[in-house]
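Take a look at this one; I'll ask things after.
Read from first to last, the chains carry the letters A, B, C and D; within each, the first residue is number 1.
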């Protein structure tokens, strides 16, 4: 027989002011199955919990209902209280009579009636609750970081420093990411490479860190504490164990027509290449698409010149399988494609460039060896126009609705650096707003305006048109309310950033949620900003939202702490509210398997005894460690064989019945 | 004997329903079934076989037995009121009338089913002879005469007239209440009319009997279906051959005028309390014999065998040789897999 | 008519997913954004847990309206749950409409954890709509009626 | 027909198959029943004519559990059901030998009988005429008046799965058969009615339901071991329509459970003893699926994802139902 206890919380006056607590207690006490009902000022307080525990023991309660605030607040509190009193923690139900009742209804009568109904629904449900036991699962003491930019490197370093093994998977031939492409960083103007390369070296040298460059995550299964990951290590065509990084092969390579990705395609590179001088590992890759040996079978120059005999044309992709306890996504960003912004003449004129391209032009290792010059005729510009918010804060669907956050600051940086090095260049910036929230940010921007004489014009540019060897810029000055038509030598577009396009594929593999802009969603915007809602998946850097370097590094550290916190545990407690298939009802039709986002359902040929009929049937089996308890399968199942523990069909129906009574 | 113009049937029905409920075959959504008559309804006496039999009028597909309520911890039980109003069922064919006899033997023998008994007590059956029995009819095998359907009043529709012959006290009383409408054709008081009527009815009857005689299923051999053959029939390997197409649906049992099995179930209507009701059940259903310990008929073959053994062997063994099939042929035309009792009789009887 | 309308207290069942809409309802609560007490919320892990049987059952038991709230498409905690919900409910609602049941009695709304205002507005609108439609008589079970 | 018998005998004789699933002559000429034939001599009772409406594919669930291979004769539309069952792992393709048989339409016996044709022995279709051989000589009637509803909107002569074809040509054109009318015509007509009339229409139709479960039990998509309406999983066990709600509930949920899986084989409406146009419920789902998610024919293949276990990011919102307006 059921022996249900009902505990009604006043929550000070939060509930008691609008809900007649006595009536709720009296009504609950009359419900069949209820043997105890009481109220208290603050049920969640230690004294309140003590009442619950005592009642459970004294009245030998088989289930309890707490009428209080949202279960999102204190469900766990009361589950623990129940457990301490010897009651299974899943024999607890919460009737939310605060957020869903007392706080939104003014009429006392109405609110009281509703509170009674909500209590009844919870009582009806708890009668059908079954004791559930949370299982445990192992924690593999190794973490995976996807992406080897500053975010990934920092996260990996912090995890490694805490004493755990960590692997970095980087898609390109070297770690370093976007930051390695930058020339200087705001607001201090220190050299990007100078602060990044020591970290890269540290990561490479760390005994706890393994770096897989030129590699991609291919498949992820498993769950928090025990992910199984397949990593595809793409064929480098160079034996990493033999290569000394001398660079002769690159020099001698006769194919020098491949666009240089590192320099944003502004110049060419050889078919065998390391992306940049400080690359880690300092081992080149053969770009098979552009390699003459791979295209025609003839050549083989690199193999001939390599003293170490490291060139291996036969090398194949390799699949590495490894288990991880946690996974950090640090896939970073790219700039958006500008094909929807024809008005800026990006595709028509080589002198219209993106800011990231400007970074490379300004960099001593870049296509112009650091000289500011036009890509069309290699002349030094006399005037430059910067256009802000290209594709950011966009109302139509050509660009992104969000602010890319870093553009205002790097544009100020670019303007300042140019004015500093080339004082004769006239620099104009068109902006919508200048956003400079950050330590020393506004001061930095003001220096650009006040000390370096950068012209800031509030207004947008409608069109950039190549005219002779000049660019004609048409814009408006909103403050002076006038149209502007000006000639300039170069135009720099502050192009919006977007998450790396590969992230959707990765998010799907990880079942991590992702928003419409392809940013990974954090578990809670404020309180859990580095956790994905999917347990064991953490977020680092711009894959979660636009960030500058210090923010990225901070978040990378935070993600590392969360990973370390997880890896420090030997076992994890699993959620017992998972799907369960009734083998006597299961048809083995595979509908449930198709809708399971976790691959938690498989099929087995099982011997069944269906009320005297013995036969072998194909039945669904749920891996309770993989199942997260969404319930998609329960509705896909036509026979009702699949049910969800803790939210069973009959429990929900009982609530429906109680509410509609 | 009495007579009334066929064109005045609506008036007759209005008069009957003035004093009591009247159930008769109604045409609704392209099908004919027994239903409660009202002026808006369209009656249909031409369709020989209603989809469901008239069984519903005495043994409805579902009926409440009692209700329980729990109000603030106080339990109350409210038994369902028994039928206490007279009603007339008009248009029952000979087979359906005979089926009532089959049901009576089940429900009126001890312990009496009070719900059924109350309906039988208050129900008056006006039967109707089958003008043209169909190919699927095989009532003749069970000693039923489609030309003389019996019951409280029997009627014939011949050309423009309906001839009305009360047979019981109840029938007489009903006839009296309709005196203004029914023309007297009694031999004593209206000899001319009586002669005409007798002649017409006799002619109709002989025509019906001629047709029945010629029907393809009218001469089945039932001789093997005897109590002494029970075990032999039960163990026959033929069941295994025959049952296979059976879909385990309940069509045959639900259209059958004699199937009498029911289940008792509860419905929790929330604040309205719990209703305990009964509803027809079908021995073709897999959970028909499901009990706490398990199911004692685990295969469809066993269920299939049960239905026909019951109709042709068990029931007659307990009821003076009365078969619990009346040859209405509904299952013959309605079985989705074209299985039916005729095929069983032929196969088990050694004919096919 | 007026009098009848004010007396009619509809029964409304709202299924809310635990991660977005239930939290959105909590936010509506903590923001003190009122909506009629006729709405009673049932918490489910994901909108994809809601079986059409639950919805029909609610109508059987006397509900006048059923609303289902889940995370916005793309934001599902379980990645894809609400995409299934969307298809299931589109087809179910269309079928109910086809059977002649007033199509305003059922609704799906995507409400995120941050959308307390939307939750409250949606519920106010929905209750108003049910008032307009009046009592549910086309999907009722007389055994559950007063 | 003789060709079918000859081939079946060959396959039995050479051990390719252990049994034959086909149709057996009935008592009346219009009531052939689905039957197994295990010996060559049993095949003397084999029949295949336009009265053989039964879709044999569902019987293969049981046949799959038997030893050896089962030879089955499937009409074009039956093969869709077989494919769908294969996809759901309910039948065993490798234990089935399928002979696809040609079909020119199947008959509703009641319609032939009520046209006054008696003593039926056999029937054949010639063009748009049904020729019936009877005890009283050959009778004729317009084919359209005798066909089952599903055949009037035939989905074509193509067999989507078979081992060999007899009386049918390989590579027949997919798409509607020669008789095909618009199978959604009645659905559209209902959609265009005011909701109140639609409600009345369904009320009248569904109130005829006697809950015999014939529609469910014959349905190849309803292959659950235990239906939710027979079990307690949802507290939804129903044995009778005690209230009109239960009529609605049963038919809505049944149609919903087969939505995206129903091949529109028409067996449900063929077997309904009360003549309820159940195909109108299934076709409503089919029509909606086609409109909202793109044309989909269940059973056309064994791999594609069923519409309800699939989605796209751009799917329509449920609100479309009310946006389309009350009249729809």
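Definition applied: contacts are C-beta pairs under 8 Å (C-beta built on N, C-alpha and C of every residue); 3 or more make two chains touch, one makes a residue touch a chain.
Given the structure is predicted, the values throughout are model-derived calculations rather than measurements.
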#### Entry: Chain pair with more C-beta contacts, A-D versus A-B
A-D
### Middle chain, criterion being Cα centroid separation
C
### Task
Go ahead and note the Å separation of the Cα centroids belonging to subunit A and subunit B.
71
### Task
Report the inter-chain centroid distance for subunit B and subunit C in whole angstrom, where each centroid is the mean of the CA atoms.
47
#### Entry: Separation of subunit B from subunit D, taking each centre as the mean of its C-alpha atoms, in whole Å
31
### Task
Give the residues of subunit B that touch two or more other chains, as numbers and ranges in rising order.
267, 270-271
### Query
subunit D: which residues touch two or more other chains?
226, 228, 234, 242, 308-310
### Query
Using the touch rule from the top of the page, what residues of subunit A touch 2 or more other chains?
595, 636, 649, 653, 657, 660-661
### Message
Going by the touch rule set out above, what shape does the chain contact graph take here: line, ring, star, complete or other?
### Response
complete
### Query
Which residues of subunit B touch subunit A in the complex?
70, 72-73, 268, 270-271, 290, 294-295, 298-299
### Query
Of all residues in subunit C, which touch subunit A in the complex?
11, 13, 18-19, 22-23, 25-26, 28-30, 32-35, 37, 40-46, 48-54, 57-58, 61-63, 74-81, 84, 88, 114, 120, 144
### Complex contact set, residues of subunit B against subunit C
267, 269-272, 275
#### Entry: subunit D partner contacts - residues on subunit C that touch it in the complex
51-53, 56-57, 59-60, 73-74, 80, 83-84, 86-104, 106-108, 138-143
### Query
Residues of subunit C touching subunit B in their complex?
61-62, 141, 143-146
